[in-house]
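You will see subunit A twice below: alongside subunit B first, and alongside subunit C after that.
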Partner chain A sequence: MTREEVFKTLSEVFQDVFDDETITVNGTTTSEDIEDWDSLEHINLIAAVEQEFGMKFTMGQVVTMKNVGEMADIIISQI
Partner chain B sequence: MGATFTSFYFLCFYACILIIYYLIPPKTQWVFLLLSSIAYYLLSGNGILILYPVCACLAAYAGIRIMSGTDNLKKKRAAMAGVVLLLVGSLVMLKYVNFGINTVNGIAGIFGSEEAVLTGFKFMVPLGISFYTFSILGYVIDVYNGIAVPQKNFFKTALYGMYFPSILSGPILRYREDGEQFFTHHPFNYREVTFGLQRMVWGFFKTLVISERMRFVVDTVYGNYGDYPGAYIWLATVCYAFQLYTNFSGCMDIVLGMSQTFGLKLPENFETPFFAKNISEYWRRWHITLGVWMKEYVFYPLLRTGVFTRLSKNMRERFGKKRGKQLTTFLAMFVLWFSVGIWHGGDWKYVIGSGLLHWFYIVSGELLTPFFNKFMEKLHIDPKKRWVDVLRMLRTFFLVNIGFVFFRADSAADAFYMLKGAVSVWNAVILFDGSVFTLGLDFIEFTIAIVSLLILFAVSVMQQKESVRERIEKKKLPVRWIIWYALLFYTILLGNYGPGYSAAEFIYQGF
Partner chain C sequence: MKALEYPFNSEYILKKSKRLKRELLEESMPRLKKKIAVLGGSTTHDIVRMLELFLLNQGIEPEFYESEYGQYFQEAMFENEELSSFAPDIIFFHTSNRNIAAYPQIEDSKEQVEELLEEQYGHFSCMWDKLRDTYHCPIIQNNFEYPFYRMLGNKDASDIHGRIRFITRLNERFYDYAQNHENFYINDINYMAAAYGLDRWSDPFYWHMYKYCMCMQAIPEFAFNLSNIIKAVFGKNKKALVLDLDNTLWGGVVGDDGAENLEIGQETSLGQVYSEFQGYIKAQKEIGVMLNVSSKNEEENALAGLSHPEGILKPEDFILIKANWEPKSINIDAIASELNILPDSLVFVDDNPAEREIVSVDVPGVAVPDIGRPEQYIHILDRSGFFEVTGLSQDDRKRNEMYKANLLREKQQAGFADYAQYLLSLSMHAVIKAFEPMYMSRIAQLTNKSNQFNLTTKRYTQSEIEQTAASADHIALYGRLEDKFGDNGIVSVVIGRKESRALHIELWIMSCRVLKRDMEYAMMDCLVQECKKEDLHTILGYYYPTAKNQMVKNFYDLQGFSKIEEDSEGNTTWEYKIPENYENKNKVIEVV
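Moving on, here comes the complex of A and B:
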């Protein structure tokens, strides 16, 4: 899977989790850019991404990820 | 000496430390801070109790050494679990065993038992246990998760765990962000030291001028609430909101300012919380480091356990995607808010006032928001209007105050009685007929309190845009001096402190 493909799939996961079809994510997207991405939704998002890509984030990654770019890097390193 | 930062002896102690800190070779600064922290703890209360934080640091150090010396996941997990069990176990033993015993006795009383079923224990609880335990626990878990550098020097671990400005009232530290700076060299920096001292003066202003004044009204009404129903309770509760805020955030200004004079940057614990527009936002602005800690070490791990993952799946299948997700989150939040409440102390008044009541607010908010938005739409109200935001702030402040009634009352039962008293008597006239001047503050004292609160409000509004200290720094020298000396003398002249006056300790030092 290329990085672009990962972002495309991630955009679909984000759209599904946040119920907003207009969301598209890239390497610099952070929780500041998506209104509903708060600490309550963070774990739901993580679980949905894990399910989609068939991988697992460690707890350390869950709390230190700064943007979607870092999320994509972790996904690529595991699939 | 007394633990409180507002005591004259403490200020002498601090002044000596600050001078020596910049006179000694920079590589010995951290050792000197450790020795100062030990001296502070020994002089602050019962000296022997220093063994508790020392043992906690020793356990953390041992755990961290084991974890960093092996690749065996089971061994790592065992080391982490051992430290967590030991630290949480001693916290529960010292702070919460009697809460369990009292609750069992209370339930037995309801069922007719006239004598206590269980006998309580008497422990000497070490100062700051809730704060240093959390700072150390977070560090150990972060090392386990591979996101914090394992410290190889026990004495450095001990400084992180026992650093004297923050050990008694926080902020709760995170080693991965705040830890390493303790051990680097800090040459004298005039700007940093001046900024730190300025922040300390601001903290003293909040504590000695505002909080200590509010205390009179609060103590009068809460101490005899049977005699002060209706508007008296509302007034005293609002005064308590400002007492607690200026006390705790003033203490944080002193701690962070003091640290800045040592060249250390500690995490912020407050961000004008009474400007929050809803309860979730309030908790992102009030006692920030506790909220972050609970999120990272209780809420997230709980939601990622097998039990919650399965539950989430079941709920989604049964109640649909959105509702199912909500129900699981609400359940995890219940555990989170119970933990936040009980962190403050083993008493139902904390569990309700600082925990479950806020859980109820947030859950209700989540469920009612769609209806509320539709209602606003029907009335053609633009939710982005400034006046709507102000109404939201007032609503949040009101809800938070209900929690403060529990927090300040002697018990949860007293709090319920007071809330009943607050709504069953209509006597708003006491706010205008001079009765308020009989509550411990006369007309002049009340005026000083109001003027000081207005200063606080003006500064808080300015803070929303930029750092007030940086803004003052840009002014010409005479203006800067006038502002800071005016604040200093205002605090010296109007603060409640000194011999013959028994200033209350910082409220959060009890936790």
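Moving on, here comes the complex of A and C:
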């Protein structure tokens, strides 16, 4: 899966989780950019991403990820 | 909504919850509004998010109060203005084994372990007592799931120092409390965790990362199980099963194969599967579920199949057997109307997906579970929680007999030219009295179940019923009706509030199984008598229309009231001036 494809799939997951079809994410997207993305919704988002890509984030990764770019890097390293 | 019916896809629900909620709210479904306080010992955010979806789907529109994280004990025990102004209809304690403060130490004596058990139990029971006194509303409490490790290995289960043993004993204490206190319900997460798989359920990642006591993916199943208790408490259980026969209650097609060649009984594996399933259905009848058949068959063949010597279900276990070649939707409508219940109280069980599809489209509201393969039937029906038991009343256990007696009455009716003469022939006796302690649970149940013959559709919890009974400002009557075919149990309830020489009727309900028996007139007569005793001169009746109570739109007119007000929504107010010489309206029921 290319980085571009990962972002495309991630965008779909974000759209589902936040019920907003206008969302597209890229390497610099952060929780600041998406209104409903707070720490509680983050849990659900992580679970949905893990399920979509069939991978698991470690505790450290969940805490330290700064933007969707870092999320994509972790995903690519695991699949 | 299909996505929320068992067996559902939890990951899909978690991911799409926002959209599902939006779609549920767009449905024009009448829902009970209920206020639910969630007092948590762990994170409750997604618990509430999932619970909301399942409740909306079960006909309840919840409003939530969530405690601060982990503050269940403090919020229950100490002055809590926010909670008291919220005025919960139900309180749910979301605790888990993560909230057990101390476990036995290996060097503890037997007495010390006992003491610790008492202490841990007391931590919970004092909250329940406190909140029962304060809020008089139902309480739901999680029991404890097993821990995810066993320090003593297998001995953890039997040794008094083992955590497994300690949790088992603590749970036992919870169950004793539940047995001895009405309106207190255990949410069995120990079972849920076992069914889900304890290792996955209690994945420590979710506790240490987010302070969830179970893994994220288990939350939908947890919330669904909890929603079943809540909808049952508020009278949203299903009432009857409509069962297909061929390949549903036995293997094979009776019309083609002949009754003697059906797979039922101990001879074959599949025969054993169907026997187990028939046994399960028969046990449903014992807890008050009404059994019916809708099968595309000649009636004679259907009865031959049900009379199979190895069969556990017999023709007499069913109230209505519709074996014909009509579309099943027609039979299901007929069953609902003959039982005087609404189609949304029915569960249709059929192995054939095409039949299920037609029924779910043509008879909106009927539950149509996808029951899978024969060996899965029990599992899927059971976990769907259609008939979640919250209390077992005498009436529940006798329901099948009562409905059968009703059908006998109807048969007799055909033989009478004059309806009054028929009513007299029933030798009806009614007991109409002020609420009595032994009936409080049935009365509360009836206020939550009655939709059609219900003038105000006001719902009461058992504690509200008890308060009303004790109140000097209310007249509250129940009526039970017996006739030569059997006892119908408590079938009607009237509650009126006294205010300056007038009685305002806040609730008037009657079970549809006694429609057209003049019981409503007997109730009126007694109500008038009570009013006279208390020197009340006027009775004011209110009718609030809902999607289901059209049948009583002109009820007060029939009782001799005059309409004094009507608003744009169709709410009407009726007045009855009690005459000096009131003549009893009921002439066919002997009232004791």
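Remarks
In this section, the second predicted complex is superposed on the first by the 79 of 79 C-alpha atoms of A that agree within 3 Å, B and C clash if a C-alpha of one lies under 4 Å from a C-alpha of the other, contacts with A are read in each partner's own complex, and residues count from 1 in each chain.
Rule of thumb we're sticking to: contacts are C-beta pairs under 8 Å (C-beta built on N, C-alpha and C of every residue); 3 or more make two chains touch, one makes a residue touch a chain.
This one's a predicted model, so the numbers in the text were calculated from it and none came from an experiment.
When the two complexes are overlaid on their common chain A, residue A:A47 makes contact with subunit B and with subunit C alike.
Legend: residue contacts after superposition of the two complexes on their common chain; A:V62 is shown touching both subunit B and subunit C. Where the contact sets of subunit A with subunit B and with subunit C meet, they give residues 19, 40, 43-44, 47, 59, 62. Residue ranges on subunit B touching subunit A, taken from their complex, read 142, 145-147, 280, 295-296, 299-301, 303-304, 309, 312, 322, 325, 329, 333.
Residues 11, 14-19, 22, 43, 45-46, 49, 205, 208-210, 212, 216-217 of subunit C touch subunit A in their complex. Subunit A makes touch with subunit C in their complex at residues 13, 16-19, 40, 43-44, 47-48, 51, 59, 62. Looking at the complex, you find that subunit A touches subunit B at residues 19, 38-40, 42-44, 46-47, 58-60, 62-64.
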